[in-house]
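In what comes next, chain A is part of two complexes: it sits with chain B in the first one and with chain C in the second one.
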Partner chain A sequence: MTDIGVAPWRSIPAILLLLAGLVFIGPAAAQVKPRYGGELILAVPSEMPSYDGHREGTFGMVHPLAPHYNTLLKTDPNDRTGTKIVSDLAESWTISSDGRVYTLKLRRGVKFHDGAELSSRDVKASYDKIVFPPPNVGSMRKGQYTNIEAIEAPDASTIVFRLKWPQASFLASLASPYNWIYKADILAKDVRWYEKNVMGTGPFTFVEHVKGSHWVGKKNPNYWDKGKPYLDGYRAIFMKDSAAQVAAVRAERAHIQFRGFAPAERDSLVAALGKKITVQESPWDCAAWVAINQEKKPFDDKRVRRALTLALDRHQASRALSKIAVVKEVAGVQVPGTPYATPPDELEKLAGYGRDIKKSRAEARRLLREAGVPDGFAFTFTNRGLPMPYEPVGIWLIDQWRQIGLNATMVTIEASQHVNELRAGNFTVSSDAQCGYAVEPDLDLAKFQSKEISHNNYGRYTDKVLDDLYQKQNRATDPEERKRYVREFERRLLDEEVHTFITLQWHRIVPHSAKVRGWTITPSHYLNQQLDAVWLAE
Partner chain B sequence: MAIRPTSVTEVSGIVSDRSWLTEVGDFCRERPLGAIGAAVVVVNILVSFAANLIAPYDPLATDYGAMLARPSGAHWLGTDAFGRDVLSRIIYGSRTAMLVGFACALIGATVGTVIGVTSAYFAGRVDLLIQRVMDIFLAFPLIILALAVVSILGTGIGNVIIAIAIPMIPRAALVARSSALAIREMPYVDAARAAGYRHQRIILRHMLPNVMAPYLIMLTAYLGQAILLEASLSFLGLGVSEPTAAWGLMLRGAAVQFAEAAPWMAIFPGLAISLAVFAFNLFGDSLRDALDPRLKTQ
Partner chain C sequence: MWKYVLKRVLLMIPTLLGVAVLIFFLMRVVPGDIVELRFAGESAFAQKENLDKERARLGLDQPMWRQFVTWMWGIARFDFGTSMWTGAPIIEEIKLRAALSFQLAVMATIIAVVLAIPLGVVAALKQDTWVDYFVRVFSIAGLATPSFWLGIVFILMLLIVFKWLPPMVYTPFWVDPWQNMLQLIWPALAVGYRYSAVATRMTRSAMLEVLREDYIRTARAKGLWQKLILSRHALKNAMLPVLTVVALEFAFLMGGLVVTEQVFNLNGLGMLFVESVARRDYTLTQALVMLVALVFILVNFTVDLMYAWLDPRIRFR
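== the complex of A and B ==
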C-alpha cells in the first residue's frame, strides 16, 4: 500500500519551507491573528432549486449551503490553483499498489448538528446515494463515478472505495464540493429528505431560508475543528441583478459576492471604496469556446476550421477584452498555472496561439483558398443570449474573422434555447463554454470525446484517437505520464484536427470588503465556500 | 345609366388644384414645429441612405488602441468599448431605425386599415368577429405584445419588424374602422353597391382612398413608435444583434457598464433616438392638424 499521508521524506522540503516562513513572517502573522465574531453578508446571484448537493449543480446552492457540510476531502483553502487535495472528514488515506483500492480513515469526534456522531456508515450512505442512487432520486454527477465497483465500511472510522481500474482523478473526485456527507439514519428513512432540509457536520448550523430573500447560518459551537469557525454567522442575500450586487458591496450592505464581477464593476468599486475594498483575481475554470458543426459544409474540412482559429489574435484580445469582459488568459485545455496546463512557450506552437498574427492570417487565407472557400464566405455565428462574456467575445470573433475575408453574422439566442439548438445541431458555428467545478483533466476534457460518448460534443465529430487519449490520461497514475497524454489530447483537439477551439480563458474577479479575511480565490467559484477560515477584521 | 362614383378629390377636398410646393410652403408657415420635425425626418432619411458616404469610419471596425476614447478630433463622439467610432455607428444606426420604422409603420398601418375598412364595410357578424379579435390584441400593451412575438420568432431585423408591426395592426384597424363607418353610409357607396360592383372594388376603390387622411396620420405616428420600440427591444437584447449598428443596441452592454467612465457611449445614441422620435411625433401631429378638417383652427 502507498501511504500518501505519511511519506516522511516528502515532507522534509515542506517542513523547511514552513520553518523559513515562520522565521520571516512570524511577526506579521501575529498581527493578522483571526478575529472572532461578526456576520458575513454575501450576495448570491442565483437561488437553489433544492437543498440537495448530490442532486443540484448551481453555485446558488453551494454558496449558501456549503458552510453546513463537510466532504471527505477538499481542496486546500489557501491554494490558489484549487488543485491541492487536503483532508476534511477523512484524516488520512492510502492507495493500494494496483491503484484500485482507496482506504480512508475518518476523524473521530465529528458530530452532526443534532449531536449524533459521524461514522463510516454515514459516509457510505452518502456515497451510495451519489454513486448508486435509488430510482427517482437525482444524482447529477453519478456518471463521474462509474469506475466505483464497491463502497465498504469495514469499521466505524474506515471507508473503502474499490475501483474497476486505476483512476488518476479519484482523490480529486472525493474532494468534489458537492459530495456533502449526510446522516445515514435520515437517508434510511427518507432518501429525499435532504432536498428540503439541512443536517450536516459543517462549521455553521442552519437558521432560516426565506425564498427569494435570504439564507442565514450561525456558528456551530461543537465544530470538530477546534477554534473554528471565526464568524458568529453568515447571511446570504439572493440578488440576481449585478447592478444591485455592486450597489450592495459599494454601500457596504454586503461584504462579498463570491462568483465574481465584471472589470467595469471592479473598477467602479475600487474608485468608490479605495482601501476599503480588496480585489482578488484568478484565471477561472471556464473557457469561452467556439463549437463548429462538422456536419455542415465547409466546416467538415479541417483546413477551414484551422483558418477560423488562425484568424484570432488571442494575445491582443487578452490585453483588450480583459478591460471590458470576464476573459483574460490565453489558455489551452487546462487553467493556466495549474499542474496539467501547457506552459505559454509550448502553447504558442498550436494553431492560432502564435504571436505573429500577420503570418497566421496569411496562412488562414491560404488554407481557405486551398479548401475552395470563396472570398467573403458568409456564415452565421450563433451566440448565447448572456451579455457577459458572450457578447463582447462574439463581437471580437466576428471582427477577427472579417480580417481573413469571412463574413459572419451574429444571431443571439436566449441562453436555455441556445443549449437546445447546440444539442440539436441547429447551428453552423457557435459560442460554447466549458466550466468545471474543479480543475481536473477528467472533468475538463470529457466533453470533447466523440459524439457517441459525450452528449455535449456539439461539434458532432467522431475521433477514436481522441477517445483513446482521454482513457490513457484517465488511467495514468504517474503525473508526468498523464501530463504527456493531456498535451497530446490538447494538440489533437486544438491543432491537428481543430475540432473546436478556445478563444480566451474566463477571468474571475472578486472585489470584496477589505474586512473579509481568510478567504483565497481559486479558479472555481464552487470551491472554498465552507467559510470555516473566514473572519472579519475590525 | 351607370352611376359614376364620386372620386376621392371630390369628397374629401384634401387635394386641391394648388401645386404641392405651395402646399408645403403653407404647411411650413402655418406649422413651423411640424416643419422642423419634417426637416429632421428628411435629414434622417438622407443620412440613412448616404451612411457609407458620410460616416468617417467603418461602423464595425474595432480599434483596441482607442477603446473608450473621449470625443476628440479623431472621433467626434468618442469610441465604444471595442474602439468603434460612435458617430459612424449612429450614422449607420439610422439605417436600422429608418428601415424598421418605415417597414413597421407601413405594414401596421396598411394591414390595419384594410382590416378596419373591411370590418366596417361588411358590418354585422363579420364586424363583430373582427372587432373581438382586435380587442384581444388591444388588451396587451404594445411593448408586451412585441416582446411576446419576438420571443416566439427570435431576434433579427426581419423578426423585429414583424414583432412591432403586429401590435400596430389592431390599433390602425380601430381608427380606420371608425372613419370607414361614416363613409360606408355615403350615397356614393350605396350607388356603387347598386351598380353591382364587387365588394373588393368598393372597398379598394371607393372606401380606402377616403380614409387616406387618418392613414397618413397613423403612418407618421407609428414611425416614431416603431423606432422607439426597436430601440427598446434591442436594448433588452431581443432586437437586432451585435455587431449591427443600431441605436438601442448602442445603449446596452458596455454602455451600461461604463456609464460613468464613458458616458458618451450612451448619451449620443440616446439623443439620436429622442431626436428622431420627437421629430416624427411633431411631424405626425402637424400632419394630423393639417389633414383633419375638424382640427383646423383657421
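== the complex of A and C ==
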C-alpha cells in the first residue's frame, strides 16, 4: 500500500488500481458539480437583538445575516483551520515594507442589493463606523482596531489602512465575520439605519424576518461572483431548544444547525438517519477554562494554583468526557491543528498536561504541603448554569481535585448572572469560557492580560510580563517569531504563574443532512456562513 | 348591575398599579445587567466606555425613581416603550406572539371543555360504575401528566412512527388553516388534556352535589324528563365552579406555556417571557407582566358577569 501511495507508476497492479480508481472517480467527480436550486433550512439556536454586525456579537445574528453581506477579506471557506485569509470584496492587497500601510484593491462591478455600485467610499464609511464610531453609536469591537491611525479612499477602487505599528493579525481582522460593508449614503443619512434594516452586496437578498420565528433570504441574481450562489434561498428558523433542533433535523424540517450538537444528539441522528446524515467535526475555538480569583486566599499562592491544574488528568478526560460533552482536545491557548497551536510534545511539558498523572498529583500534593495546606482545604467552585459542557466538566473537576485532597463544592449560577459574578469577583474558583470568532492569538489571548487592560480578566491579577509578551506577539510580523512569543505567553499563563488554566478544548459537532454540500466546518461557528458555495444535492 | 360593573372596572386600576410597582422593583432586585449580557459576555474587546454609553442610552444610569416615573408616565399614555434588547416597540413584540398564544389557549380550552363536560356529567350520573372509574383514571392521569411531557411523547411518536414533525413556523389561521392546524393541534391536545382533567374532576363533583339538591328531587317527583332535569336544572348550576376553573386556566395559558412552547418551538408569549427575564429586558418583562395581570383581571371580571347570567340569585341580589 505504501508503494502505491508513494509511487504508483512502479508496479503494474498499482497502475491498474489507479485506472480502476479513475473509473470510479469519474461519476463521483460529475456529482461534485454543484446543483442549482432549493432552499436551505437552518435551525438557529439564538436570535439577534439588532441587525447591525458592527454592534452585535451573537452568532444568532451572523448565521441569518452573513449571507446578505460581504467583508473585505474572509477566511477560506474550504480551509478547516479557519485561518487562511482569502479575498472577498478586496481583490488583492499589498503591505508596505514597514508593515504599517495596507492597500487593498476592490473588485469592480460589485452592486448593493438596491443596484448601487460599491466603491471605496462605502468601505471607508463602514470601517469608520467600526473604528471611529460617532458618540451615539456602539461599536463593540473597536478595541480590536486601536492600531488604525487612518482609513483613506484615494480612488473608487482603493482603500488604504494606515497603522500606528505593524500588526501580525491585521489581515485577519479585516476578515472579521462582523465587518460587513454597508452603503455609505445610507450611513451618512442615518448611522443607525443598519440596526433595523438590511442592505448589502452579499449572495442573498433579504425577504423577511418574523421575530422569534424565522428569517428568509433569497438568491441575489446580480451577485458579483458569477454563477453563485447555488441556492434559490435560505430560511433560518429560530429554535432555542436543542431537542427541537435535533427533531427538526431528524424529520428533515431543517437541513443543518451550524453551531453544533452534543455527542449524544449526533449519535441519535446518525442512528436514525444513517446515510442521510453527514457529520463534520472540528476542534472548536472555544475552551473550557477555570478562572481563579487571586484576591482570595490561598489562591494568591501560585503553588496552590499549580496544584489545581496538576490534579487534572486531561488525557483520560478527553476520552471519557468527549462521549458525553462538547469537549475533546487537550490543548493550549490555540486551537489544535491551527498555525499557532502548541505542538503535542511541547504541550506535555506544561503543568497538568503530562501523561503520568500519578507523578503530577504527587507534585500537586507536595506543592500544597509547601503552601501550608498539607491536608487540603475546602472551597466553592462556581459553575455556569448551562448543561453543556459546564455541568459534566464541573463534576469532573470536583472529582479530580478530590484526588489531591481538595474538597470543592459546586454552586451553579444562572448563565446570565454568572459573568457578572465573575466580573465582580464574587467567586473563588469558577468555570470560564473563551470563544473566539476567529482563530487568532490576538483575539484568544487578549482576555488574559492584566486586569487594568482586560475587562474580562476574572483572575484579578496584574502581570506586566504577560502584557509585554502579548504586545510582542501582536507586533511580530514574522510567523516564527510570533509563535515563540505565543509559546512564552502560554508558558507564563498556564505553567509558571498558572493565572488560569484550560481543562479541554470544546469540540464542534455538526451533523447535517447529507443533501447539504459545499460547506466545510471550521473551528469557529462564526466563520464560513456566507452560504454562497453551499448547495443542495438531490 | 351597571353599578356593580362600574365598581369592578374601577377596582382594576389600583390592582394594575400594584402589579406595576411590584414588578418594577422586583426586576431591579434580580441581579444581572442587560448591557453586560448583550455586549460584554465573552468579548475581550468590549470596553467599559462603550458599556456605559449603552447604559446611558437605555436610561439605566438614571435614578430608580426617575426610571419608575418615566415608565408609569408611558403606561398612563398606553405607551409601553421599546424593548431594551431589540429596540423594537413593545406592542409590536407582543402582538407578534399574542395571536399564537391566544389561538393555542382557545384551542386547548375547546378541547378541555369538549372532553371535560360530557365526561364529568357521565361520571357523575354513573357514579361508582366502570364508566365512572374509567373517567376518574383518565382525569387523574391527565392531572399527573405534565403537558410538556405529553408534548415530547407526541413529537417522538410522530417522528418515530410517522417520520413527520409538525411545521416549525407559525402560519396564521386566516392565511392557511390546514398548516395552522397541523402545527397547533398537537400542543393544543397536550395542554388540553391536562386542562380537561382539572375540569372533568370539577364537573363530576359539582354535578354530584347538584344532583342531590332538593330541587332536582322535586323536578324528578314532578315527572320531568331526565334530559330536561339535567340540562335545565342540574348542569347549569353545576357549571359555576367549572367556569371558574376553565377561565383561570385560560388566563394562565396566555403566558404560562413556557416549556410546551419550547418543545414545539412555538413563538408564543411564554417563551418571550422567559427570554425577556433571562436577558434582563426590564421594559419588556414589565409590559408582559402587566399584560398577563390584565388578562387575569378581565377573565375574572367576565366570569363574575357570567355567574350572574347562570345563577339568577346573583342577578336578583
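One rule holds in what follows: the second predicted complex is superposed on the first by the 506 of 538 C-alpha atoms of A that agree within 3 Å, B and C clash if a C-alpha of one lies under 4 Å from a C-alpha of the other, contacts with A are read in each partner's own complex, and residues count from 1 in each chain.
Keep this in mind: a contact is a pair of C-beta atoms (placed from the backbone, for glycine too) under 8 Å apart; a residue touches a chain by one contact, two chains touch by 3 or more.
Predicted model, so just to flag it, every value in this text is computed and none were measured.
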When chain B and chain C are modelled together on chain A, clash or fit: fit
Touching partner for A:V411 - first (chain B), second (chain C), both, neither: first
Chain B versus chain C as contact partner of A:A262, first or second or both or neither: first
Which of chain B and chain C A:R141 touches, first, second, both or neither: second
Touching partner for A:G274 - first (chain B), second (chain C), both, neither: neither
Partner chain in contact with A:H214 - chain B first, chain C second, else both or neither: second
Which superposed partner A:W396 touches (first chain B, second chain C, both, neither): first
Chain B versus chain C as contact partner of A:E195, first or second or both or neither: second
Winner by number of chain A residues touched, once chain B and chain C are compared: C
Which of chain B and chain C A:A254 touches, first, second, both or neither: second
Overlay on shared chain A, then closest C-alpha pair between chain B and chain C (Å): 6
Overlap of chain C and chain B interfaces on chain A (superposed complexes): 243, 414
Residues on chain A engaged by chain B in the complex (per definition of touch): 243, 262, 264-265, 267-268, 316-317, 319-320, 323-324, 383, 385, 387, 391-392, 394-396, 398-399, 402, 409-414
Touch list for chain B against partner chain A, complex: 60-62, 64, 67, 81-82, 151, 154-156, 237, 241-243, 252-254, 256-258, 260-261
Sites on chain C touched by chain A in the complex: 31-33, 36-48, 50, 53-54, 57, 85-88, 93, 96-97, 152, 155, 158-159, 163-165, 167-170, 262-265, 267, 271-272, 275, 278-280
Partner chain C, residues of chain A touching it in the complex: 49-50, 56-57, 135-136, 138-144, 195-196, 210-214, 235, 237-241, 243-244, 247-248, 250-251, 253-254, 414-417, 419-420, 423, 433-435, 443, 446-447, 454-456
